[in-house]
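In the two complexes that follow, subunit A is the common piece, with subunit B as its partner first and subunit C second.
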Partner chain A sequence: MNNEILLKIEDLYVNFRTDEGIAKVIDGISLSIRYGEVLALMGETGCGKSTVAKSILRLLPKNAEVRGKILFKGTNLLDLPESELRKIRGKEIGMIFQEPLTALNPVFTIGNQMSEMFKIHKLRIKRTIQEEVIELLKNVRIPDPQRRYYSYPFELSGGMRQRVMIAMMLAGRPSLLIADEPTSALDVTIQAQILKLLMDLRNKYNMSILIITHDPGVVAEMADRVAIMYAGQIAEVGPVRDIFLNPQHPYTRGLLRALPLGHKEERELENIPGRVPNLINPPPGCRFHPRCPYAMERCRKVKPKPVVISDEHYVFCHLLGGE
Partner chain B sequence: MVRDDLIIVKDLKKYFPIRAGLFGTKGVFVRAVDGVSLTIKRGETFGLAGESGCGKSTFARLLLRLIEPTAGKVLFDGIDLFSLSKKELRKLRRRMGIVFQDPKSSLNPRMTIYNILKRPLEIHGIGSSKEERLNMIIEILEKVGLGEEHLNRYPHELSGGQQQRVSIARAIITKPDFVVLDEPTSALDISVQAQILNLLVKLQREFKLTYLFITHNLMVLQYISDRVGIMYLGKVVEIMNTRDELNLGKVYHPYTAFLMLSIPAVDIRERRRDKIIVPGEVPSSINPPTGCRFHPRCPFAKEECKSKEPPLLEIRRGHYVACHFPSITEEKLTPYVEERMESIRRLLRGGS
Partner chain C sequence: MTEKKRKAVGVSMWKLTWRRFRKNKLGMAGLVMLCIIVMVAVLAPVIAPYSPIEQHLEDRLQPPSPKYLFGTDELGRDIFSRVLYGSRIALSVGVLVALISAAIGVTLGLVSGYYGGIVDEVIMRIVDIVWSFPSLILALAIVSVLGPGLINAMIAIALTMWASYARIVRGETLSVREEPYIEAARAIGESDIRILFSYILPNVMSSILVLITYNIPSAIIIASSLSFLGLGAQPPTPDWGLMLSTARTYLTIAPWYSIFPGIAIMFTVLAFNFIGDGLRDAIQPERVG
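Our next item is the complex of A and B:
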């Protein structure tokens, strides 16, 4: 890992026009990912973590309005013409999703779909495309890759399909992989295999990974840094170790104490009262304030600025000071 | 006399026939549950865990006789469940409840909460007047953390957590002894999951309920259960006490050990690059492997494991293992599981 920035998100706002009004889904977030770094975006349903991922590749539906900058190797992806973006999407930036079955075309063989990658992106190859594809399948440890080349997606297990997606993404030798809940649909033993595979590939190709997850276990297992999101805002960001062992934001603390660790006879799980707010009329100031036991007048009015805890650990909370 | 064991399961089997091909293939079965024996004690939470397709949900449905078994016996408080007539079964059902994973699909979208909760009372003839039933419904809503204001709402007007509270209220409104919880929190966010788990613990204490808690989430399993059974391909491979054994990492079947080691290391200090990971995937339960069903994935498998099926034996008081060589797991894997579980306890001590 070096210290150079690969991807920089600056002041990103995303609004969705809906019949009920404008949903302010992302409320001005800034993040960066270094070369070779694994950054996790963690949060509960509706916090906007997937929206961030999709805005990077401009995969949002038509009713979305995006403001801000997303700089990839210095180029603002939000300004690029579609034809230029297409060269980056799937090649320099790869993406894998939760359910690989819906991302694969059911009527084409694995080999056929993977070969497409080489054709669309006009990738340089050293041997025949088929050999390249089989090599990629080997890379993601698919047993019997020669035979799997001729398989259809439905003939593969969930874990194998996710491996195929990863192999396909690797064809373009991406410098950034966006993984949106890549193991949430998989069994635990298969999840462990896929997470290990991703880490091995990261080390082999020095890829950066942006992993979107609701699972603190996946974060602890994979990420170098984590950003905790709540209702379209970042609550806290920092090295995983600092966030897990020394959480500062009331939301992060509540979330970690709600994890069912230990035994019911020893402890009750922490409750975060209330519900996630409606983003058409989000609470002003810090969006967590209606559920926060420590909320002050300021929290209801002013959106918190980042407070430095240590080195790279920032918290967006008025309790911790700031001007 | 009050029996200690509420449920006794003896060699229970469920084979589903498969129709394949133009003429149908005879004699081909999915062996979803293939000879399970265990007991569930009155007032306890028995946690049943395993990966998709291991048969845990089929097993739960058999215990409530929602489906008929291929073979075997279930005694519910001494009553032979599968010998009951329809009428007798309906009477007994009052003493059982079930909560499913997805409340959205298990609650009728066209019925109000009031009507959803009134159904079980009507079916079992509980309450003599409309007022009496209404009072019972309001009382149970309050017990699950909802209230009168929810009576005339429809399921889609509620959040996922609230919907699950309604499902729980429906399962316990007849004051049952036994409730099957089939992945009740798997579709919920962490903070909502915590609320539901707390609620289930509270209700169990208050109503002296016996739970069968089915989950694939091992963190939830080690929190909520008093005893645990681990299933693999239609068989139970290990049964043990949660607090004194599972949560201390004292597991002796290699599959259980691999499962526990696949709980991601929430304590970042424990993150290891050379993680212990079980190879391969779960084979099909149509033609399960011979001998021990785990042998194709087991790094310690010997000749004996391929040919001879290991029986579920008591290796310590109340701790059962179906493995020919539990001492190998004890030597090679158990120390790592113990370390992992210790790291969770350390996190709890230091993290709050």
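Our next item is the complex of A and C:
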């Protein structure tokens, strides 16, 4: 792993125009991913983690307004014309989705859909496209790939379909793979296999992975660093070990205390009082303050700036100082 | 990979549809009827004992007999031969009109549903306008502008029929557009045009197909009506509607003259309607995917 930055998100704001008003879904977040790094974006449903993922490839619906910068290898993706962006989608940046069951087109065979990747991006091939596709299917350990080439999506199980999606993304040898809850729809055993597969492929192709999840288990298994998101803001970001063993932000602490650990001690699970805020009228300052037991006057007014805990561990909280 | 192996694995949606369709008795009856009509249309010159426009003035308005199976008309033309040749006109009118209106309507429906906004608004209001007229009346108005004739009648009918395709395809596009595989297609860098025609179109194809089989008979009936009113096919074309129109005058003295073209129209329309019903039942119950 080298230390160069592959993708840098700077001050990203995303608003959605809705009938009830403007939902301020992402409130100025900054993140970066290095070459070969696995970064996890963790948070509860509705905190905007998928929105971040989709804004990278500009897949958000038309009612979304995106501000900020998303620099990929130095180019701002948000400024690129659609035609240039299409060359990056799928080739430079791959994306797999939460719903492997429906992310494949039901009316075409697997082989047909996978070949499409080679055609869209005019990828250089050594053999016939069919042989390349079968090779990719082998890479993701799909049994009997020759046969599966001719299968329709509904003939495959969920785990198998997710493998196909992953194989498809590998065609362009992307430097970044965005995995939006790649295992949430799968059985636990299949989950583990898919995660292992992703890690193996990361090592083999030296891809960076941005994994979006609400599952701390997935984070612990895969990620080098993790960013904890709450209501469109980043609460805390740092190496996985630091965050899990030494959480600083009250939200991170609450989140980890709400987690069943599965060993002997029969500890009562805690929950974080209150509800996720309405994003049309979000609380000012730190968006966590209405639920935070330590909230101060400052938290209600000023959006916290990052506080350095250690090398790469930052917390966005007034409690820990700052000016 | 051999074709044989391919069959063993891939059971496409169309194959499943065909399997269900085969169990539908009326649908299969419709298919057999259609096969008969198509064969008649193709083999008309072989089967027909006379030319459809050949006049036998000494045998005018003869009742059915071994010499003239369905009798003769006011100019002594063999009605049997004319009915046989009429199938060519009916089929081509039905199929062409349905295809032209589908081409117009499907394209507009896809664009309307996929892009939404002002484009959608404009297209759908035009659809509303077209739909607010009964199709026969609208077709009559268009033909009276274009002038009578079979080609103009077909254009007029197509211009009244595209709207139902546009509306149905738009509705389906709205729902298919939200499917994750459309987002996935965008994520791998597919262009809008490819997404419309290779991702959305195949997924709405089944509805279009059902609509086409329903629209063919309607087109045949409207075309016959226009011919009946003198605005469609012109004499001496052996068109069923046109034959009915002349036969009307002789209804009391030569009832066979109107009965046989009438039966031909009914047979053809029924065939398509049976197929349409069968197809709808075979496609709708549970969608594979």
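In this section, the second predicted complex is superposed on the first by the 319 of 323 C-alpha atoms of A that agree within 3 Å, B and C clash if a C-alpha of one lies under 4 Å from a C-alpha of the other, contacts with A are read in each partner's own complex, and residues count from 1 in each chain.
Here is the rule we use: contacts are C-beta pairs under 8 Å (C-beta built on N, C-alpha and C of every residue); 3 or more make two chains touch, one makes a residue touch a chain.
Everything numeric in this text was worked out from a predicted model, so none of it was measured.
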#### Entry: Room on subunit A for both subunit B and subunit C (clash or fit)
fit
### Task
Considering only touches as defined above, state whether A:Glu10 meets subunit B (first), subunit C (second), both or neither.
neither
### Query
Is A:Thr109 in contact with subunit B, with subunit C, with both, or with neither (first, second, both, neither)?
second
#### Entry: Partner chain(s) touched by A:Glu135 [first = subunit B, second = subunit C, both, neither]
neither
### Query
Where does A:Val188 make contact in the superposed view: on subunit B (first), on subunit C (second), on both, or on neither?
first
#### Entry: Smallest separation of CA atoms, subunit C relative to subunit B, angstrom
7
### Message
Can you give me the overlap between the subunit B contact set and the subunit C contact set on subunit A?
### Response
none
#### Entry: Contact set on subunit A toward subunit C in their complex
57, 59, 62, 86-91, 94-95, 97-99, 102-109, 116-117, 120-121, 130, 146-147, 149-155, 165, 168-169
#### Entry: subunit A contact footprint on subunit B (complex, rising order)
51-52, 159, 189-191, 193-195, 197-198, 201, 216, 218-220, 222-224, 242-243, 247, 258-259, 261-269, 271, 273, 275, 277-279, 281-282, 344-345, 347-348, 350-352
#### Entry: Interfacial residue positions of subunit A with respect to subunit B in the complex
44-45, 157, 159-160, 187-193, 195-196, 199, 214-218, 220-221, 240-241, 244-245, 254-265, 267-272, 275
### Message
List the residues on subunit C that touch subunit A in their complex, please.
### Response
1, 5-6, 9-13, 116-117, 179-181, 183-191, 194, 199, 202-203, 205, 288-289
